[in-house]
Structure formats: C-alpha cells, structure tokens
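Structure, as structure tokens:
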Amino acid sequence: MIPLYIAQFGIILAVFGLLLVAAAIMVYSERKVAALIQQRYGPYLVGPKGMLQPIADVIKLIFKETLRPKGADRILFMLAPLISATAAFTAFAVVPFGAETDLFGLIDHKISLQVADVNVAVLVLFAVTSVSLYGIVLAGWSSNSKYSLFGALRSASQMISYELSYGLSLASVLVVANSLSLTDVVNAQSGNWFGFIPRWFVFLQPVGFVIFMIAGVAETNRSPFDFPEAEQELVAGYHTEYSSTPFMMFFLAEYINMVTAAAVATDLFLGGWHGPWLPVYLGWIWFLVKIGAILFFYIWMRWTLPRLRYDQLMTFGWKVLLPLAALNLIVTAAGVIYFGN
Amino acid sequence: MGTELLLFYLFGGVAVAASLLVVLGRNPMHSVLLLIVSFAALAALYITLDSPFAAVIQIIIYAGAIMVLFLFVVMLLNAHKEDEDVAAGGPAMKKPLYMGAALAVVLAAELVWALLRAARAQDDLLIGGASPDAAAIGSVRGLGQLLFTDYAFAFEVTSILIIVAMVGAVVLAKREL
Amino acid sequence: MLRFIPLLPFVGFLINLALGRRLSKRISGAVACLAMFGAFLVSAWSVWTLVQMAPDSRGIVDRVAPWIESGALSIPFTLRLDPLGAVMVLVVTGIGFLIHLYSTAYMHEERDSEYARYFSYLNLFAAFMLVLVLGANFPVMFVGWEGVGLCSYLLIGFWFSKKSASDAGKKAFIVNRVGDFGFLLGMFMVWVQFGTLDFQAVAYQAGRLPPETVFGTLSIATLLLFVGASGKSAQIPLHVWLPDAMEGPTPVSALIHAATMVTAGVYMIGRNAVLFSHAPDTMAVVAGIGVATALMAGTIGLVQNDIKRVLAYSTVSQLGLMFVAMGVGAFAAGIFHLYTHAFFKALLFLGSGAVIHALAGEQDIRKMGGLRRELPVTYWTFLIGSLAIAGFPLLSGFFSKDEILWKAFSGGHTTVWAVAVVASLLTAMYMFRLVFLTFHGKRASAGSGAHAADASHAVAGHAQAGGGGKADHGHTNHAAHLHDAPPAMAIVLILLAAGSVVAGYIGVPRVIGGSNRIEAFLEPSFAVPGIEAGMPGEAAGEASVAAKPAEAAEAPLTTAGASHAEAPQGAEGAKAGEGGTELTLMAFSIGIAFTGIGLAAYFFLNRRDVTDRIAASFAGVHRLLLNKYFVDEAYDAVIVQPIYRVSERGLWKIVDAGLIDGAVNTAGESVSGWSAVLRLLQTGSIRAYALSIFVGVVVILGYYVWR
Amino acid sequence: MVPLEHYLILSAILFATGTIGVFLRRNVITMLLSIEVMLNAVNLAFIAFGRTIGSADGQVIMFFVVTVAAAEAAVGLALVIALFRHRETLNPDMFTSLKW
C-alpha cells in the first residue's frame, strides 16, 4: 500500500520515460519504414537490425559542440528548444492512456492512467499546443538567419491556420461525448453497436476524423505539410542554426508531438483503450496498438506524398478544411439536438 | 490557506515583475514574451480562483493567438530596438510623458482605494458565504449556459465585432487596395 | 359610398400628377373627364337614394375615419349628404364635368405636360370642392375650403410666366387668407360656444337658444363666419380678387370663379342657416353687404370693356343677390339662385371663352362686334344665357331671382328689395351691352384685334390687368378668319344653354301654378335638426320642443325653419293672401328685365353717340366706375404700402439684417475665434491625447476618492 | 482562500503598470502591449469579484474582454503595419500629421 502521490509520481516518471522511448522507437521505425518504402536496408549496423541506432544518434548529438550564430538573441536562442520540448511533454500530461486502475491493489483507490485528469483536458491540450508554437517561432527569430525566420513564420502561420480546423473537428467529438474531459470521451466509446461494431467516434464522426488527421499532420509539421523544415527551400527551417543538444530537443519534441497527436486521435476517435478480447486492465495494450497504427500511417504518408506549395496549403486550410469542419460541427450539433444523444 | 497565499504571492509577483519588464524593456520581442509570461501567471491565478476555463482561455486566445499576432508584427517589421528620442517633440515631448507616468502611480493609489471600497460593498451581497462552491463557478457547462442565455445578445454583437475587425485589419494591412 | 365622390377626382389628380408628362393630351384629358363623370354618376346615385328617403329625415352619412381626437375635441372625418349638399354636389360634379369636357378642346394648344398639369389641378379642385360640400363638420369643410383656395390660386396663375397672372393668383390667395382667418375665428367661437363642430349638433343646440336680440356671441361668431364667406364669395370689401382672377384660363373662370367655388360662401351660410337666423344683426349685415355688392358690381360691370371682366363683375353682383337672399332668411331662394346661376354663368363664361378662342385671345369688346354671323352657336347660347341672367320670363334666372326679390319684399326689407331691383336692372343692362357690343353691330377691327393679340402675345407680360388683348388663350397662328366653337365646346355650350332654360322649373313659385319643389326639398337642411342629428331620443324630443319658440321668434325675420315642414297648409293660406302682391312684383321685375334690355339696346346698339356723350358728360363718374371705385388703389394706399414700408424699413433693415443676422454672425465669429484658441490643444501627438484622457480619468476618480 | 482585496490591489498595480507603459514607451507595439496589460488587470478584477460573490458572470465578462482585445489587437497591428509602411518608423511621436 503506497500513498497516492507516490503512485502519481510513478505515473509521471513512467510517462516521461515512455515518451522518450517512444521517440527513440519512432526515429528508428521511421528510418526503417522509409527504407522499406524506398527499398533500402536502412540502419542495420548498430545493434541487432540497427535497433540501437537512435541511441547512437542521441549520444552523437550530445557530444557535438553547441554553436550559436552571430547576432543571435542569447537567451531566446537557448530558450526556444526548451519551450518546444517542455510543451511536447506537457501536452501528453492530460492524455489518458489506460482505464482507471488501482495498480493491482498497490494503492487504496483507483486512479486513471494519466498524469492529470483535468476536467477541461481538451482545452489544456490546446493551450499547450499553442504555447509549443513559441518554441518554433522563437527559434526562427532568435537564430537571426533568414531561413530560420521563414521557417518560423511558415510554421507559425500554418499551425494557427490548422489549429482552427483541428479544434472544430475535435469540438464535434466533444459535442457527441458531451464532456471536455478526455477520460469521459474515451469512456463514452466503450461497448459495441449491434454487438460487433465498437462504438468508436470514428464511425460517428468520419468527416471529423479525416479533418483531425489532416490538421494533426499540419500541426506537427509533418510531410506533406512540412514547410517549416522544407529542406529544398529552407535548408532545415527553424532549426537550421541549431546543433547538438538543442537540436536534439527539437527533434525529440517533433516526435513526441507526433505521439501525442496519435494518442489524442486514439482517445477521441478510436475508443482509446477500449477493445475486444483484452481485460480492461490491459486496455493500454490496445491503446499502444492504435497509436502504432496511426504513427505508421504518418510515416507512410511522409514517404509517399510529395510536398504541396505553401499557398496551396493555406488555401486548403482556410477555404476547404475550415468550412468543412464548421459544417461538420453544425451538423453534429443538430444531430445531437435531434437525437438527444 | 497558507499554500494558496503562497501561490498567490508567487504568481502575482511573477505577473507584476513580468509586466514591469514588459513596460520598461526596450526590446519589443522581449516585451512580447514577458507579456506572455505574465499572462501565464495570471492564468495560474485564475486557476486558484476556481476558474480553469478562464485560465485556459487566457492561454489559448491571449498567448496562443493575440501574442502570436504581435510576434509576427515584431518579426516582420523586425523592430529589434525601439528608436531613441528622434521624436518630433524631442525632449519637449518627454516632460508630459513622465508626468503621465507619475500620474499612473496616483491612479494606482486611487484604484486601490476605489476597488477596496467596492470590495467592502461586495461583502454584503456574497452568495453562499465566504467561499461559494467552486463547481458552480468553474464548470464550463454553467458558463456556457450563462453565455448563451443571459449574454446571448452580447455574444452575437461580439461576433459582429470580430467580423468588422477582420475586415478592417485586412483592408488596413493590404498593400494596395 | 359618399367617399367615392371626392375620391374619384382625387385619383384622377394623382394619375395626372404622377405620369402626366408622359401621357398624351388625349389620355390625360380622358382621365380627368372620366374621373369627373364617375363622380357625377356616384353623386347622382346617392342623391337618388336621398330623394327616396322620408322628406324631413333625408341624410346619408359616411364616417370615413376618426380624424382629430384630443380631449373634448373629437372631429371625425365624416361626410354627410343632405338636400342642400345634394344640390351642391350635383352642380359641382355635373357642371364640373361639362367644363372638363370643354377644357379638353379649349386648352388643346398647351404642351402635353402643361395640359396634364391643368387637368390635374382641375381634378384636385373638384375633389376639394366636393369635400367642402360634403363635409359634415366645420374642420372637414375647412379642408375643402382651403383646398379650393389653393387650386384657385394654382389655376389663376396657370400661365405663371405672365406676371399679371401670377400677381392675380397671389392677390386671390392673400385676400382669401383674410376671409379664411375670419372663418377660423368663427369656427373657434362656435367651438367655445357649443363645444362641438358638427353642423347638425351646432344647429340643434343653436335652435334651442332664443335668437339674440342684442349683439352677442352668436352674432360675433356668425359675423366672423360671414367674413370668411365674403372672402370666398368676393363680397365687399374682399371682392377685389375676383375680377383679377380672370387672368386664369376661361374654363377655370367658369368653373371656379363663377359656378362653384365662389358660391362656397353662400353655401356655408346656408349650411349654418339656423345659426345665422339666430343672429339678426348678422343677417342684417349679410343682406346689406350683399345688396351693396350687387349694386356696386353692377355699376362697374356697366363700363368695363374686357369681356371676361364684365362677366366677373356680373358674377360678383349675382353673388351679392344670393347673399341678399341669405340675409333676408330666404336660404332656399339663395341656394336656388346659386344653382340656376351656376348654369347660365358657366354658359356665359364658356361662351366668352369660345369668342376669345375664335378671336385669337382678343378680350376687348370694343374690338369685337358683329360676331353673330361667324359664331352662330356661340351667339345663340350666349344670348340664352344673357336672357336667363337678365331674368327673362320663364328662363331659369327669372324664377330664382324673382324668388329672391319676393322673399326680400315679403320679409319686409323694402330698401334691400329696392336696391336689389336696381341691381337686377343693371344686370340686364350690362349683360345686353355685352351681347350687343360683341355680337351685333359691325366688326370693329377683327384683324387688327387678332394682330394686336399676336403682338401682345409676343410681348408677354406687358399686358396689365384690365388692358385689352390680354392673350388669355394661346392662339397665335390664326388671323382674321374666324371659326365657331369646336364640337366639344359646342356640345357643352348647347347643354348648358338647355340647362339654363329648364333649370328653373324645379322652383316654379306656387302663385303661377308651380309647386316650389326645390324649396320644400331644401327646407329640412335649414330647419333645426331633429332625430337625425344623432342626438339621444329625449334630447331630440326637446329639440323639436325647443325649436318652436325659436321659429316663433324667427317669424318676423324669415320664413325659414321648419314652418313649412310643419304646417304647409298654414303656409299655403299665408301665401294665398300674399299671392296678389307676389304676382305684381313678378310682373314688375319682368318689366325691369325688359327695361334693362331695352336701355342696353338703345344705348349700345342704336345710339352709341349718346352713350359716349353721357360718358363724356359724367367723365368723373365714368372714370370712377372704370377704375372700380378705386378700391384697389385704396387698399394699396391703406394696407399694402404701410405693410411694405414697415417690412422694408423695420423688419428687414433693422430686425432681420440688424438683430437676426447680427446674432448669427456673432455666433459664427465667436465660434471661429474660440476654435482658433482651442486649436492649440491639437498637438497631433498621440501620447499627448492619451495623457489628456488619462488626466481626465485620474481627476474624475480622484473626485470620488476625496468626496 | 485568499481575500478579495489582494487580487484587487494586484489588479490595480497591473493597471498602473500598463498606463506607465503607454506613456513611457516610444514604440507603438509596446504601447499596444501595455494596453493589453491594462485589459488583463481588469480581467483579474472581474474574475476575483465574480469568485467572491460566487457567480460566473465575472468569467463571462472576461471572455468578452478577451474577444474585444483580440479585435483591438488585430486592427491595431494592421494600423501599425500600415503606418510603418508609410513612415518607416514605429515611434508615435513621428505620426504628428494629425495636426492642423
């Protein structure tokens, strides 16, 4: 019987570690999948099938020299990656990844498997995402180089533009679930229709799901929306000037953001940890499976689709996605009113 | 009690310090960022005031939208440093401004006085004793109901205001009409 | 139903007003005429229904809408048709329609827009006149009253580009204002006295009062009303506008300034018969003014040389006669004469219009003569009209005028009667002077006349009032060769001639076997109203009770009131006694008529030299008459000039230029001066502005702190 | 439960800070920022009051204030950009052509 705050602390540590691991796995799998798609081998030297490659990268990055360009804003230049990383970690804090459990009787009453169960979790998610923007913007601005600046501007405007559709598609889910707390949303998806179709919101909100996925890609600056670091145009975008640990932080942040986005998508649309055959306390396995699928989808997209043009991105975001999302929300609300949940 | 007071002084101090730096700093970029910090501190205060929604709004809209806008402008015009007193008025212009600053202190005093009096007046119309239940205030649902029933008209008017602002901003910022 | 009678012409007015300039002459004329004809049909129908009713309860009421409601004052917009109104309505719509028809031909040379404007005015006039006639209370009547005044102004000044015309219009308008002022005051007094403005209610309450032996409220009210009447009907001293009104197109003169509008005064008195008959003093004044006007106008008419002016003065004198009838309490007779007069005076005007039409705008009778052969239709119709007005036996004018004279005599007003006789003698004389000079003898100078007309036409505005060749009518292109009235005119002339012949037969006196039907028909309108006044039952009862002493008191004054209605056979007996006298008088007035005609023939047909010699020997008198007793000049000296001086020296130079402008200018200058000072506050520096705002905040807040 | 007065005093101080900024800074953007500070001070006061009397109205008003602030920022910054385009400066003292 261990006190509650220790359990919480444990969970926090677990999440932290898991995220780091997840990032590492992502790096590895991304390269592997890329190789697969491009019919290469990919990393295979370091460790069995090159599985230790990410660790090697990390070590390499840590031991590189930290460079700071002339005329860069000393404080902000260092602050930017911290903000990004912190935001990335914080975002996951409100994401539940498992059913409520008492950790096999270790603690006296059930806690939900997430760092903080805020009753406005979704809004918090938003807040954090909008803050994580600053990491990129500051990085771009403070490193005093035009490539970075452009990258920053691009990513900022792109994230703002797509945050709206993101939010609207998400709001429609909330309307259906009738709660702002992610745990409630997930629990609202337990059970099946007609015994075999799981009550996932993806079936109620197909349009919303598609919009959410697209916007998510844009939010995480992934291809085909990876303008902030469009190599051919802006060297490496906002982190052109970064090296060693700071760079690693951006790198980390990007992948953790992907994981978070995937997790959120899972919670919102794919029924979180609910799934057949497995007992509830093993729900987190389902969760991991779903996340994995979505992440694979991301990578797959990245190596399959070409990058659009920037104006196309904007036009699409404002003139197609946003109206569509708004329409979807309206229809959903009407439906909820009509059917009364 | 103690912890709450502690939190108050912590975040309040951060807010004041950040705002002062915003006001006194010479680099607009820093000002913007510090302002975000002070917003964050205020958001924290809102949470201690059982208003999580307000806090989140504060972050999302202020930090997430408005400040980004400021950031953009600063970056676009890259006004690193504010230009020194090349002002038309020059030093002549300065005197009244310092006077204004002095007046600001006076204002602070007056505001404290007035607000405190208002607070004293407040005590008798307290609902449910010294600390009403947090849920009543904090719940987003209640807030939404209030917003869309009592304040529905104001809400609509706000939407119109936003549209007007959008159009105005576009028209103003467009290079050639 | 009644509301459609004024509404139709008004619609016509709207149509011609709205798209007049786009309509062709044919269409706009047709619209106007149809509107009038429709109004005529409707009124004929409603009069028919009226006649079907029981004799002493005849009345159709149409409550259009509540109009003015304020405290005790409640004035519904109500129209009422009673026998009196019926006669008027028929006259207005019928003769109005004929004159519209006539106008389509007469005004044919105007531009399309002008043509439409003319007809829209004419329709508007008809609408207002009908409102005036049908109005069931003073304010409604006043609406029509003012409306016809307006239309008269518009139509007199129809050729506003001609200064004399526009001046005449203004003159008519201003003089009418004087009268209307009196009318208003009278209305107010009636309100103060009786607390109501509905004619029947007023009549009912007035009927309960004893007639005033001393000069009192009723007398003042009625006198004020009479001022209004004399303004509208051109009685002394407000008669000056009517002759000048001849500047308008001739059909207008016929419709407004002979047949209908100018008789509004007479009608108004008849409408308030009970009220007036309770104010003996007023009645005396009315009779006096009437007869004086008749005489004066007759004398003037004797020497005027403008064909239309002669007719105008004849109108004035006839109106005078009507007022005499009113004054002696013979309301029925007055209205009867009004009705017949409408026929033959319209006829005469239209005939003169035909003459002028033929003579290319020539109006000076000295330049005419011998038109008998060229214009047969015009001649004969005109002759019939003249005979009728002169009182030739068995024509309409004879009956009506004779009725008036008899009533005056039998009422015991012998002086009035005598003067009236002289006036009618004069009537016969000047009318036939007109006939002879115009149609008989030999043509004085036709071509020159036409050319003079053209010349004067070319020099527009040189024509001063009363001068010859006033080019009333826009003919320029035909010279000496004459043509008779075009069909539209001719038909109208003939119809009106027939009317002037037969119109009188509804009022044949009893002595010569007729049964004075119109009088019997009209009397209820002049009697103290009973039930139909909308009074509660018992009130109605006491009304009839209260009516008796009133009539008893009226007896010496007049045969008005319900005496006929109540005891016709008694009245018969009385008449039988008076029969001999009446016959004598009738014969006498016939003699008068013939004498007048004969004198006219002697002076103006055979012995022109004698006339000229007389005119020469009595040069002073002649000039006096020629200048209409210098009334205009007197007004100019006594009223116009002083007002003008005061306005110029005092109001304009001192008050306006000095005080008002001074004040305004000072205000403006002070503003600019102060702003020159305040301008220094505008530094243009944003933060300075912010500072000022901020100081304001601090100060205001501080006020609350230290309070 | 922190007493209401604390929050009020804090908000007063913040407001005064904002005003000082409006007067001291010679940069339009910073002036706008100061105005935001003032707005936030007001928000704080509102929410504190609302909390004390136990009604959510304070937050609603805060919500509206934020919206207005957004509109104000949008238009204000658009103005700043337009001004900068013509004047090549952000110093409000250079924009004195509002004078006669």
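A, B, C and D label the chains in the order they appear, each numbered from 1.
We adopt the following convention: a contact is a pair of C-beta atoms (placed from the backbone, for glycine too) under 8 Å apart; a residue touches a chain by one contact, two chains touch by 3 or more.
The shown structure was predicted, so the numbers you read here are calculated from the model rather than taken from an experiment.
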### Task
Go through B-C and B-D and name the pair with more C-beta contacts between its chains.
B-D
### Task
Starting from the mean Cα coordinates of chain B and chain C, work out the distance between those two points in Å.
81
### Query
What is the distance, in whole Å, between the centres of chain B and chain D, each centre taken as the mean of its C-alpha atoms?
6
### Query
Cα centroid separation between chain A and chain D, in whole Å?
34
### Query
Between chain C and chain D, what is the separation of their C-alpha centroids in Å?
78
### Query
Going by the touch rule set out above, which residues of chain B reach two or more other chains?
53, 57, 65, 72, 76, 88-89, 93, 97, 100, 103-104, 107, 111
### Query
Which chain C residues touch at least two other chains?
683, 685, 687, 690-691, 694
### Message
Where in chain D do residues touch two or more of the other chains?
### Response
19, 22-23, 93, 96
### Task
Would you please name all pairs of chains that touch?
A-B, B-C, B-D, C-D
### Summary
Residue set of chain D touching chain C in the complex reads 19, 22-23, 92-93, 95-100
### Task
Please name which positions on chain A make contact with chain B in the complex.
73, 76, 118-120, 123-124, 126-127, 129-131, 133-134, 137-138, 140-141, 149, 152-153, 156-157, 160, 163, 180
#### Entry: Residues of chain B defined as touching chain C within the complex
88-89, 93, 96-97, 99-100, 103-104, 106-107, 110-111, 113-114
### Query
Residues of chain B touching chain A in their complex?
29, 33, 36, 52-53, 56-57, 59-60, 63-65, 68, 71-72, 75-76, 138-140
### Summary
Listed in rising order, the residues of chain C that touch chain D in the complex are 679, 682-687, 690-691, 694
